[in-house]
Every structure is written in structure tokens, then in C-alpha cells.
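Below are structures written as C-alpha cells.
Two complexes, one shared chain (subunit A), two partners (subunit B, subunit C).
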Partner chain A sequence: MLGQIAYALPFLAEGFAVTLWVSLLVVVLSLVVGVVMGVGLVYGPAPLRWVVRIFSDTIRGIPILVLIFFVYYGLPAVGLRLESFWAAVLALTLFKTAQVIEYLRGAVGSIPKGQSEAAMAIGLTFRQRLTYVIFPQAFRRFLPPWINGVTDAVKGSALVSLLGITDLMQAINQVIGRTYEAMPLYILGALVYFAVNYALSLASRRLERRFSFIRE
Partner chain B sequence: MSNASHANPALLDVSDVSKAFGSVVVLRSVSLKVTRGEVVTIIGPSGSGKTTLLRCVNFLESYDSGSIRIDGKEVGYREAGTRQRRSERDLATMRAETGMVFQSFNLFPHLTAAGNIMLGLRKVRGKSSAEARAIAEHWLGRVGLAHKADSLPAELSGGQQQRVGIARAVAMEPKILLLDEITSALDPELVGEVLEVVRSLAEDGMTMLMVTHEMAFARDASSRIVFMADGGISAVGPPAEILAAGFENERLRSFLARFRASHF
Partner chain C sequence: MGYALNFNLIWRHFDKLWGGLLLSLELAVISIVIGIVIGLLLAVWYVSAGRVVRTVIAAYVEFIRNVPLILLVYLVFYGLPTVIDVAYSASTSFVLTLSLYSGAYLVEVFRSGLEAVPRGQLDAGKAIGLTPWQRLLHVRLPTMLRITLPALSNTFISLFKDTSVASVISVPELTYGAQWINFNTFRIVEVYLVVTAMYLLTGYALLYALRLVERRFRAAH
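Moving on to the complex of A and B:
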């Protein structure tokens, strides 16, 4: 049995690499887009705020699985035909973006208004106020829910196996299909996911402690 | 308003400014001139529009009509007549010409005392880190906090925080300093150290417009006192005249009477 698992390891490693690649793409893209849209939600003019609000509420109200199938099987109807890999990445990114928008809104909203005003009063532009005054303070509140969201993204990436993409989950299933040894392989898979996410939470805790000197 | 301003052009020229929040009128055609080196104090009951007027001067608040000029330049709008706001960059440049000190200090909690002062010098004035640090240390020395340069705001007392707030504002070399009830959030025993700093700035010729409830300080430090009521300027004059009992302004008399009753 162990011999079979050892034999399957290189194959599982390839799947794991896909899992990490999907997770990384989703986390980075959703961070960039989500922060921009979140800033729009907090500071933008009314029409922009509405668009972001509707986007976020709609996406967060749909199960991820439905979103994945919608992007892959539904969008070709309007002419957007994506490879299964990119369809999965797009769907997961949309989902994660909606969450990042909310984390950002919460974190920035917790900074007292006087901070922006003091920054305005010394002549900082909007971008400078965000960069030097608001974001450094909001970071500490943004980090814990965001890291939580990153671990969710790693776990949620297992759903891409449903589009036939050979990520860690799919690789495990394929090995099981050949060896009929479900239990040890699922335990191995669970341990790998756990190891990644536990490392992330440890890193998060360390970062939080580093920024805990910021008191209001 | 004041005839003296013909001889000496106004540094700050507030002209016929009105503002309403919905149906509540907060400023009623307010006009006020402040000349270079003057210290003008605004007093009045709460809700009379004092703070709103101050916040209009650096455009933290917009106004519905009228014009506010600093050194001849319209502050928030492109031209006096229009309600077309200046661009973000223009507004930032205009705001850097005025310094503001807040009731709740509003120091940046993630930066040290020196860092608070250096931020504007670096990013707005374009000074090098070393130059900015030197200026910050100079002003921290002026407000008696040279030894606290590397302390975070949370490690400072209220009075010390407010002195850093003043240093942060004046380090930018503003044309006019706006002080918004800067001692109202302080324990009584800390008020003196903050007012002492303001007094020394006044002696150096810093132009100031301040809102305060410290009547004794207003009397001693001001060139003129403005009394506001119901969003309008109800009386203006030298402190001795305004604070003298028996001034013919009924509202001012009752404000001062109530004020004395509650503060002494």
C-alpha cells in the first residue's frame, strides 16, 4: 500500500503544483481587483458605489460551484469560451474579489474620519492619503479576515477538479481509481491541505503581532 | 468689515459665504477678513457655525455660495462665481497653504511624533528625509518635545499629542493656522501647556484663526474676537470691547453671562 502511494507521489506532486498555481492566481488577482473595487465602494461617487455593491452582493449570494459551472458552461452562450483552467480561475477570482471588497470596506471604514481630514489638512492628495495614512492603519484589520480568505481559496481550489483539471484533489481521485486505496490517499490529501493552511495562519499571526503596536 | 484691511490687504478673505445641510442653515452670508499676523478668535454657542466656518477655510467642508480667498486665491472652487471644485491636486496644494489643528488631535497613530511632522514635509514639500527630520526636530523643540521625537502618539499624553499636532501644522509653514477647539478634549491641567505654545506662535507673528471656549486666552491672545450666533457673525471687535460687560449686543451679553455662570 505504502509502495503504491510512494509510486503515486510524483503524480500527486504535479497536482499539488496546480493547486498552488490556481490558489496563487486567485489570491493575487482578487487582491488587486478587490482592493481597487473596495476603494471605489468606500470613496467613489454614487453610481460606482452602486455597481460595486450590486456586484459584491450578487457574487456572494451564489454558491462557488454554481459560479464555476456558470462561467464554464454558461458563458459560451454569450461568446466567452474559456479553457477549463481559466474558467475555474475566473470563477474563483470573482468569488474571492467580492470577499476582498468587503474586507477592505470593513478595514478602511474602521479608521476614524479625522485621519483623512488630518491628512487632507497637510496637503496630501487622495492617493497619498491612502498610501501613507489609511492603508497602513487598515492593514492590521484587513489581514486576519484576508488570510482566512486565502486559506478558503486554497481549500476551494479543490472545486476545479470538477471541471476535469488535475489539481491535487483530482490527482488523488485518479490514484484512488487505480489503487482502490481511498482512505490513506484522502488522509494524505487532507494533510497536505492542512499543512499549507496551517503555515498560512502561523504567518498571519506573526504579521498581526508585528503590526499590533498601532493603537488608536 | 474692518476698514484697516484697505490699507493692509487681507490674507484671508471670507466673503458672503453661506452653507446649509438640507434645510438647516449653518452659515448665513458670513464675511470676515484676517490680515497677516492677526490672531482672530471665534466664539459663540455650540451650533453657531464656528467650526463649520473654520473647516470651510481649508475646504474640509464645501459651501453653497460666496467666496473664500487666501492671499487672493480662491480656495475650493475654480472661480468665485462657479461651484466647480478644484481638482484633487489643486485642492491638496491649496490645503497645504493652511495648517489645521484638531480638537481630537488626529495624529497618525502608526507614525512617531517626528514621523507625523515629516510626512507632509516629505510628500507635499518634497524635502529629503534628513531635511524633514531636521525641521521636525526643530519644531518638536519649539513645542518642548525634543525628547519625544521617536515616541508613538499612544505613548504621549493628550497635551503632548496636541503639541505634536501644532508642530505638524506649523512645520509646513502655512500662511494661516486654523485651530479648532484645540484644548476642548484635554484635561484641565494640560490646557496651559498647549495654550502656551499657541501664544508663542502668535508672538512670532503667525496668522491664526481659532475657535475656542478659553475666554481668558481669547482675551489675552487675540487681535479681534468674532462672535457667531445662528450661523452669522453677530459682533466683531477687539477683545476688550467684545468681552466688556454691557456691550449693546443682546445675544452676546446673554452668551457671556451663561458662559460665566457655567465656567466660574
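Moving on to the complex of A and C:
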């Protein structure tokens, strides 16, 4: 049993690399898009705010699995060919973007209005107000929940196995298909996911404590 | 592009989606009921227990929270029966998984709720001569439930969405129904549009209903 699992380890490691790669892409892309859309939600004109609000509420209102299937099967149907890997990354990024939007709204919303007004009073432009006044303060509110939310990307990435992408989850299933050692392999997989996500949530908690001196 | 929407086949097979939606709700309801029992017992035990018990409960909570649900579903359905002699249907297996899953989230909810009950209420209970058991039952738990009601409804709504993962072990809930129609009629865009609408409407209807309940039982300040 152990011999078989040891034999499969390099294969599992490749799957794990795919899991990390998917998660990394999703986290980075969603951060960029989510921050831009989040600023749109907080400071944008009404129509833009509605669009972002509807986007975020819709995405957060449906299961990730439905989102993944919708993107994977739906895009080719309307003539957009996308490799399954990128379809998965796109779907997970949409899901994660909605989260980032809400983290950003929460973080920016927690900064007292006086800060913005003071910045305006000394004549800073909108961009300067964001980069010098609002973001540096909001960052401390944004970072802990965002890091904690990275675990959702890692956990969500396990669903890409359903599109035939050989991530850690799929690699485990394939090894089980050959060795019939279901329990040891699922536990091994669970421990790997746990190690990654637990490290992230510890980091989040530590940062939260570090930033806890900020009190209004 | 050139994709012409045609919902006829969706309506013809709508029973698959409607039945699926009802099953999703059923799975979520049963799981949260069991999850509440698990969560309550462990939370009450946690706040009064020594270090060892606390560590064990915390390990359960952290393990479940940091592992993908789909892996837990596979583990319980395909893994467990290979080591212990049990036989259960896919739905039972999923309910078991989702109960353990929600239980872990609810331990945290209830634990912080218990700790948020004002000290003065417990002292008042003591002052009028309630036994520790009576204080828990008549003072601490009711107040805690009021405090945790919003978190409880959020957990329920996210469990409702999580039932979609049951489709990977062929439990015929809503997402499974969507896939069935997807593969059998190829009205792909239509079926996912309808299913998205069904998840959204149900989710937001639940949210609205639960907010009304919360307003009724809002914790007094």
C-alpha cells in the first residue's frame, strides 16, 4: 500500500502544482479586477455602481460549481473556444472577484469620511486621495480577510477536477482508480489542502492581531 | 455567435430542475438541523472544557474548514465504506458530510455567541438562584441564539448553495438536474440561465424570509 502511494507521489505532486498554479492565477487576476470594480462600486456613478452590485450579488448568489459549468459548457456554445484550464480559471476568477469587491467595499467603507474630506480640503485629486489617504489605511482592513479568502480559491480550485484538469483532487482520484487505496489517498489529499489553507488562515489571524491597534 | 435561445426543451424537462431544487432544499435543511445539534453540543462543551477537549474540537473545526468540500464528499462516499463496514446511499452520505461540514462552521458561530452573552445576565441568573444547568438552558442559550441568528441564516444559505456539490456523487439535486439537461438536450446556455435564476431567487427569498425572522427575535440592546 505504502509502496503504491510512494510510487504515485511524483504524479500527485504534479497535480498539487496545478492546484497551486490555478489558485495563484485566480488570486492575482481577481485582486486586480476586484479592486478596480470595488473602487467603481464605492466611488463610481450610479449606473456603474448598479452594474457592479448586480455582478457581485449574482456571482455570490450561485454555487461555484454552477458558475464553473456555465462558463465551461456555455462559452463554446456561444462560439467562444476556451481551453478547459482557462475556462476553470475564468470561472473561479469571477467568483473570487466578487469576494474582493466586497472586501474592498468593507475596508474603504470603514475609513471615516473626515479623512476623505480633509484630503479634499488640502486639494488632493481623486487619485491622490486614494493612493495617499484612503488605500494606506484601508489596506490594513483589507489584508486579513483577503488572505483568509485565498483559502476559498484553493478550496474552489478542487472543483476544476470536474472539467478533467489534473489538479491535486483529480490526481488523487486517478491514483485511487488504479490502486483502490481510497481512504489513505483522500486523507493524504486532505492533509495537503489543510496544510496550505491552515497556513493562510494563521497568517490572516496574525496580521489581524498586528493591525488590531487601529481603533476608531 | 449565432446561438438562438430556445427554452422549450428546458420546460419539457423542468421536473428535473424543480425536483432538484426541492431536494437541494431538503438536503440543506436536514444538514443544518444535524449541524446545529453538533455545533451546539460542541460549543457548550468547548466553553466549559479543559485544554485537551478544546484542542480536539478545534482540530475538527479547523480540519473541516480548510479542506475542499468536494474532497470531504468523496472521502465519506468512496473512502469511508472501504475501511468501516457501512453501506449508505449517495444522499445519506452527502447529508452526513454536509452535517459534519456545517457542524464545524456552527461550533465557531455558537462559541463566539456564547462568549458574547453579557456577564451580567449570568450573574443575574445566579442571583435569583438558578442552577448552572438552568442558567445555561434559560439564560445563556436563548440569548446566544438571538445573537447568532444572522450568522445562522447566512450559514443556511451557503449550505443551500453547497448542496450543488452533491451532483458529483450523482445525487439528483438542482445542479445534477442542470447537467442532465445539458448533456441530453444540449440547450446549455438556457439550462444554466434557468438554474442560475432558480438559485438566485431561492437564495434571496430565503435571505428575505430569514431576515424577517431575525427582526422578530432581534437581541435586545
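Convention: the second predicted complex is superposed on the first by the 210 of 216 C-alpha atoms of A that agree within 3 Å, B and C clash if a C-alpha of one lies under 4 Å from a C-alpha of the other, contacts with A are read in each partner's own complex, and residues count from 1 in each chain.
FYI, a residue touches a chain if its C-beta (ideal position, glycine included) is under 8 Å from a C-beta of that chain, and two chains touch if they have at least 3 such contacts.
On a predicted model such as this, the values are computed, not experimentally measured, just so you know.
J.: Name the contact category of A:P63: first (subunit B only), second (subunit C only), both, or neither.
T.: Second partner only.
J.: Kindly classify A:I54 by the partners it touches after superposition: subunit B alone (first), subunit C alone (second), both, or neither?
T.: A:I54 contacts neither subunit B nor subunit C.
J.: By the touch definition at the top of the document, which applies to A:L9: first (subunit B), second (subunit C), both, or neither?
T.: In the superposed model, A:L9 contacts neither subunit B nor subunit C.
J.: With both complexes superposed on chain A, which partner does A:V133 reach: first (subunit B), second (subunit C), both or neither?
T.: First partner only.
J.: Check the contacts made with subunit A and report whether subunit B or subunit C touches more of its residues.
T.: C
J.: On the A-aligned overlay, A:Q115 touches which partner chain: subunit B = first, subunit C = second, or both, or neither?
T.: first
J.: Quick one: is A:T125 in contact with subunit B, with subunit C, with both, or with neither? Answer first, second, both or neither.
T.: A:T125: touches subunit B, not subunit C.
J.: When the two structures are overlaid on chain A, which partner does A:V32 contact: first (subunit B), second (subunit C), both, or neither?
T.: neither
J.: Examine A:A182 and indicate which partner it touches, taking first as subunit B and second as subunit C; both and neither are also allowed.
T.: It touches subunit C, and subunit B stays clear.
J.: Following superposition on chain A, which residues of subunit A contact subunit B and also contact subunit C?
T.: Dual-contact residues (subunit A): none.
J.: Help me check something: in the complex, which residues belonging to subunit A touch subunit C?
T.: Counting only subunit A, the residues touching subunit C are 58, 61-66, 69-70, 73-74, 77-79, 151, 154-159, 161-162, 169, 172-173, 176, 180, 182-183, 186-187, 189-190, 193-194, 197-198, 201.
J.: For the complex, which residues does subunit B have touching subunit A?
T.: Answer in residue numbers: 58, 60, 88-89, 91-93, 95-100, 102, 104, 106-110, 119-120, 123-124, 152, 154, 168-169, 172.
J.: Spell out the residues on subunit A that touch subunit B in their complex, using ranges where they run on.
T.: The touching residues are 112, 114-115, 117-126, 128, 132-133, 136-137, 213-216.
J.: Under the touch definition given earlier, write down the residues of subunit C that touch subunit A in their complex.
T.: Per the stated touch rule, the residues are 1-3, 62-63, 65-72, 74-75, 78-80, 82-83, 161-165, 167-168, 175, 178-179, 182, 186, 188-189, 192, 195-196, 199-200, 203-204.
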